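Structure below; questions to follow.
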Amino acid sequence: MMKVENLVGGYTNTPIIKDLNLEIKKGEFFALLGPNGSGKTTLFKLITGQLPIQKGDILLSGKAIKSLSKLEKAKKVAVLSQEVQVSFDYTVEEIISLGRYPHQKGILKQLSKADWKVIEEVMELTKISQFQKTQFRMLSGGEKQRVLLAKALAQEPEILLLDEPTNHLDIKHTFQLLDVLKERQQTMDLTIFSILHDLNVASLYADRIALLHKGTFLEVGDVDTLRKEDQLKKVYEVEVKAQSHPTVPKPQLLMTPNYTTSSSLLNFSDAYKIEQNDEYIHVQFDRPLRTISNGVIGEGIQWLKHFCNFHVDKNYDCSDPTQDIKMWMDKYHIPHEQAVGMMTAVKLVDKVIVTKEIEGINMLVIVTAGVGNAVDISAGSLVGATSQIGTINTMVFIDTHFTDGAIVNGYMSATEAKVKALQDLNIKDPASNTIATGTSTDSLLLALTQQGKKTPYAGSGTVVGKGIGQIVYQATQEAIKKYLKRVK
Amino acid sequence: MINEIFKKWGLFSIVLLLSMAIIVGCGTQDQEQGIQDEVNLEEEEIISDDNVELDEDKGEQFPVTITDDAGREVTIESEPESIVSIQASNTEIAFVLGLGDKIIGVSDYCNYPAEALEVEKVGAQDMNAELILTLLPDVALVSDYHFNSHPEILEQFEEAGINVLVVGSATSFTDVYGNIEMIAAATGSKDKAEEIISDMQQRHEAIKEKADSITDKKKVWVEVSPAPDIFTTGQNTFMHEMLESIHAINAAEDHDGWVKLTEEEIVQLNPDVIITTYGYYVENPSETVLTRDGWVEVPAVKNEQVFDVDNDTVTRPGPRLIEGVETLAELIYPEIFK
Amino acid sequence: MRNSSIRKYLSNKIVWLYMLSGGFVLGTTLLGLLVSSVTIPVPAILHIVLENTFNIGWLDDIPRNEEMIIWNIRLPRVLLALCVGASLALAGAAFQGLLRNPLADPYTIGVSSGAALGAVFVLFFQVTIVGLGSFTLPIVAIISGFITLLVVFGLVRLSSRSLAVETIILAGIIISAFIGAITSLVISLGDRDAMTQILYWLYGSVGMRGWSHVHLIIPFMLVGSFIVLIHYRELNALALGEDAADHIGVDVKKGKTYILIGASLLTGAAVAVSGSIGFVGLVIPHLVRLITGPNHRHVLPLSMLIGGAFLILADLVARTIIAPKELPIGIITALIGAPVFALLLIRERIGRGGER
């Protein structure tokens, strides 16, 4: 579709674009990334002809762009830039009809029926039909940008150049606008070449990206190229962390600011308070902890401050536990978006709290246990849920700094310790009559203060892993014993 | 843009001020001489030729061909029944020639004689062409300003059968006599014209004769506009000619035409007499001159020799100029001329 | 369906606007012919006009002088007012669109000052170019207007490659200030007679010009209007800014150059035949825009019609209000134009406040 060959150009003597090569395929959404001053807009101006090409060529469907007249070019290339100032009170319809300029024929150059059809179609597409007769300057920023997009689309271009089209827009309007573009790309095979500032938006919408740095491409490729944190750091000079979008298989980038929070070191034993009654146990920390859990709410790896375990009746109707936990938390003024929530039918007075210092690392474990539903995970048959009291809920808090990998390690260590406790107490899966490895609904959370030296491992081969194992083993055993005593 | 608008309005106000000055000074046309004089001289010859013919024809004055001050030959077939005059001096001349009842249109500035005020006004620099065409006079007396600015309109007049006579601006008595003769020739009143001219000449001669006895010439300072912009009359003005003829010294004789002098320069000139001509729009002009700061030592002020004369009699090139001379003579040399 | 019916309504409204404006022009023209300090019976006026144009008269005995008044004085005067008003209003609309500045008017970029200076020189030196006669003044005025345009262009080009709007306005202001100073210098050097003439000319007037001036302005008006009118789409496109106009395929530099030349032709010719008549070029396009919206397709032709009619009316007022004396027409246009403009501004502001 568009091919850039050995392109050199820019303002006067010093070229800003230096020997650039690029090919954009028909129907793709190509995002041009790079910091301010890297030459993005200059490249666009070289394409639109506002700046002279010093060397090399830009080919449009195989034709040199220099050889095209302005009108011919406008039929192939449309541009949507950042918000423009419109003088006088033009209506939306009049602005859009300007997009038909390169297509108008005849001496009078009036708008034909075909022109009007296109105009109406693009207004429909960009959802601005209701503004047709409204004055442009009465519109909001997002609406304005949609009008200008409609104007660009009215040109019926083969390729659409977007120069930071969402610069002034809020998230809603940004996504609305890009969704329209994406739809047009998919249905009409429109080629889109866009300068984007937001790397995450680019990742979500673009098919391919190019990273421009000082007039040359550092990277060209699909959006997963954005996972190259080093390259991004080199270009943007910001600490960047690539993550995956939780629901879309695209990278998302997280930037770490350069300033440091000068908060004093947390004294672990003073940093939390535990509130407990018959209905819930609530552990509250002053600062958010790096937490991994499989709680009813607050699952996954997050930063959280509140950790709760709610008591439910053994005949609890578990059709919507998430909603119930949120409701209860609201009732007790616990912010549920900052909390892990677990459930158990075990009497909360039977909980076991163990604190310990192992190799200078403070740890706190709270366990409630019931083994009515004890299960051997390796045994063959799956028995339907029984209405027995039987859940082991474990909360582990450690005053140390784990990497994400160490957190998973620690989670494994805690699980292994629980299994060992069950084994040593000879708890059996009633169905298979073999030693149980857990219950059918166990919950576990591991929370780290993330202060002190960073630890990359927390498995059984490490001191901290062993520490986790010991303290969890001890607490679990005590809790099961309390349970067994009560059910007797 | 805003500057532009301001500029335009600024210009507008300047224009307004200047046009006031023009209205004030109206009636005194141009001080240019040279070419104009030559034209007048030539034309006098033609007229005197006419006079010769006239004597032979015994009262049969028409048709007559006149070369007017624009150098155009104008042939008037028969004695005009109606006249429009768009110049105050020409109106005065026409009235003194006894053509008063024939005048059906005068300029906005025609104020003498009193009858002229009753006649319909047809504009000034910008004539009301429609009105003149409606009045359809036999003769239209226009100035050279009209000829230069609106030649097309004058053509329209002629096409409609109006005889257009361009009467040039006069800067000397001779010019005025020429103008009187030309208007007379066009209107068939040559006898009256001769009478008037010889009367003017005789009176002028009489004054000159008396003036010959003056040995101690007085220096006269003329003001045609009041402070702060004091304009005076230099060479080539009626005032200068008049002062010369009564043997007074024009204090501004080193200058030409109407010029502006600063107060310092004027005081330096030390005039014996001061003549003002703006009494018709400034109250008590002599008083204001006498009370000027720093003028106390000027002889004219010290001796209270400050007088105002009727502007029209000293600047308007009409028959009343002779009255102007007589007035000046009496004011400047009362001991001789009274 | 809904849209097309709306459009039909709109085009109907536009048709009505054109008809009304045409009627306005015709009405004021007739009024200009009928009303004056000299009363001539209406049938006689109609007879004279029809006799001279279509050779169909029905009255005998029309006095020659009445015919002259109507055909040679009043009609050219009315037509000249029409041409000058139309030219100035169109040039004003074009300059406002081109410079994207609602305060721009035909005098913004200095062409008129140049034309005025040329005229002032002619009046000052009393020169007559052989073969041109009384045409000397307007011809010299147009030529000097054009030289001024070239100087402005040169200045703009030297200081900005892309003919930036701000540079054009600045260059225009610089040049007109300079030329204005020279004009004032000439005025202050001139003798009283020349000064009177110059000032009368600078006042602006369409009176006492005759057919020759009408014949003089018409070709310039036709060429200038043609150039400006066929560029209405470019003027619309420029409303988005020059870059955006470039993106939809407008050759911005070429378009701007043509529009400048066209509008300058109109301005130069109007100033040359009538002096500097203000406010028409500023107010009329605004008025039209308020009625039709900013689309230049309608703003340009309607400005011509309304501008022409407006100047006929202004001239009518100027010559009748203190008849038989006349007021300078510039005073009338400013006296009517300024309050109207102020009203429009206030109304627009209130209107916008209501919608917000």
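Should a chain be cited, it is by its letter among A, B and C, assigned in written order, with residues numbered from 1 in that chain.
Definition applied: a residue touches a chain if its C-beta (ideal position, glycine included) is under 8 Å from a C-beta of that chain, and two chains touch if they have at least 3 such contacts.
This one's a predicted model, so the numbers in the text were calculated from it and none came from an experiment.
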Margin query: Quick check for you: compute each chain's CA centroid and the global CA centroid, then name the chain with the smallest gap between them.
Written below: C
Checklist line | Distance-maximising chain from chain A - centres being C-alpha averages | finding: B
Note to self: Can you check which chain pair, B-C or A-C, has more C-beta pairs in contact?
What the structure shows: B-C
Check: Which whole number of Å gives the spacing of the CA centres of chain A and chain B?
Finding: 98
Check: Whole-Å distance, chain B centre to chain C centre, using C-alpha means?
Finding: 40
Checklist line | Interchain centroid distance [CA atoms averaged], chain A/chain C, Å | finding: 63
Item checked: Residues of chain C touching at least two other chains -> 101
Note to self: Considering only the defined contacts, which chain C positions touch chain B in the complex?
What the structure shows: 36-38, 40, 63-66, 68-69, 72-74, 101, 103-105, 107-108, 126, 133-134, 169, 173, 176-177, 180, 184, 191-193, 195-197, 199-200, 202-203, 205, 207-210, 212, 276, 278, 323-326, 330, 334
Item checked: Complex contacts: residues of chain A adjacent to chain C -> 48-50, 70-71, 73-75, 77-79, 81, 84-91, 94-95, 98-99, 101-102, 104, 109, 116, 120, 132-133, 138, 151-152, 155
Margin query: Show me the residue ranges of chain C that touch chain A in the complex, using the header's touch definition.
Written below: 3-4, 6-7, 97, 100-102, 233, 236-237, 239-241, 243-244, 246-251, 289, 293-295, 355-356
Margin query: For the complex, give me every residue of chain B touching chain C.
Written below: 1-4, 7-8, 11-12, 14-15, 18-19, 22, 25, 29-32, 108, 120-123, 125-131, 133-134, 136, 145, 148-153, 156, 159-161, 257-258
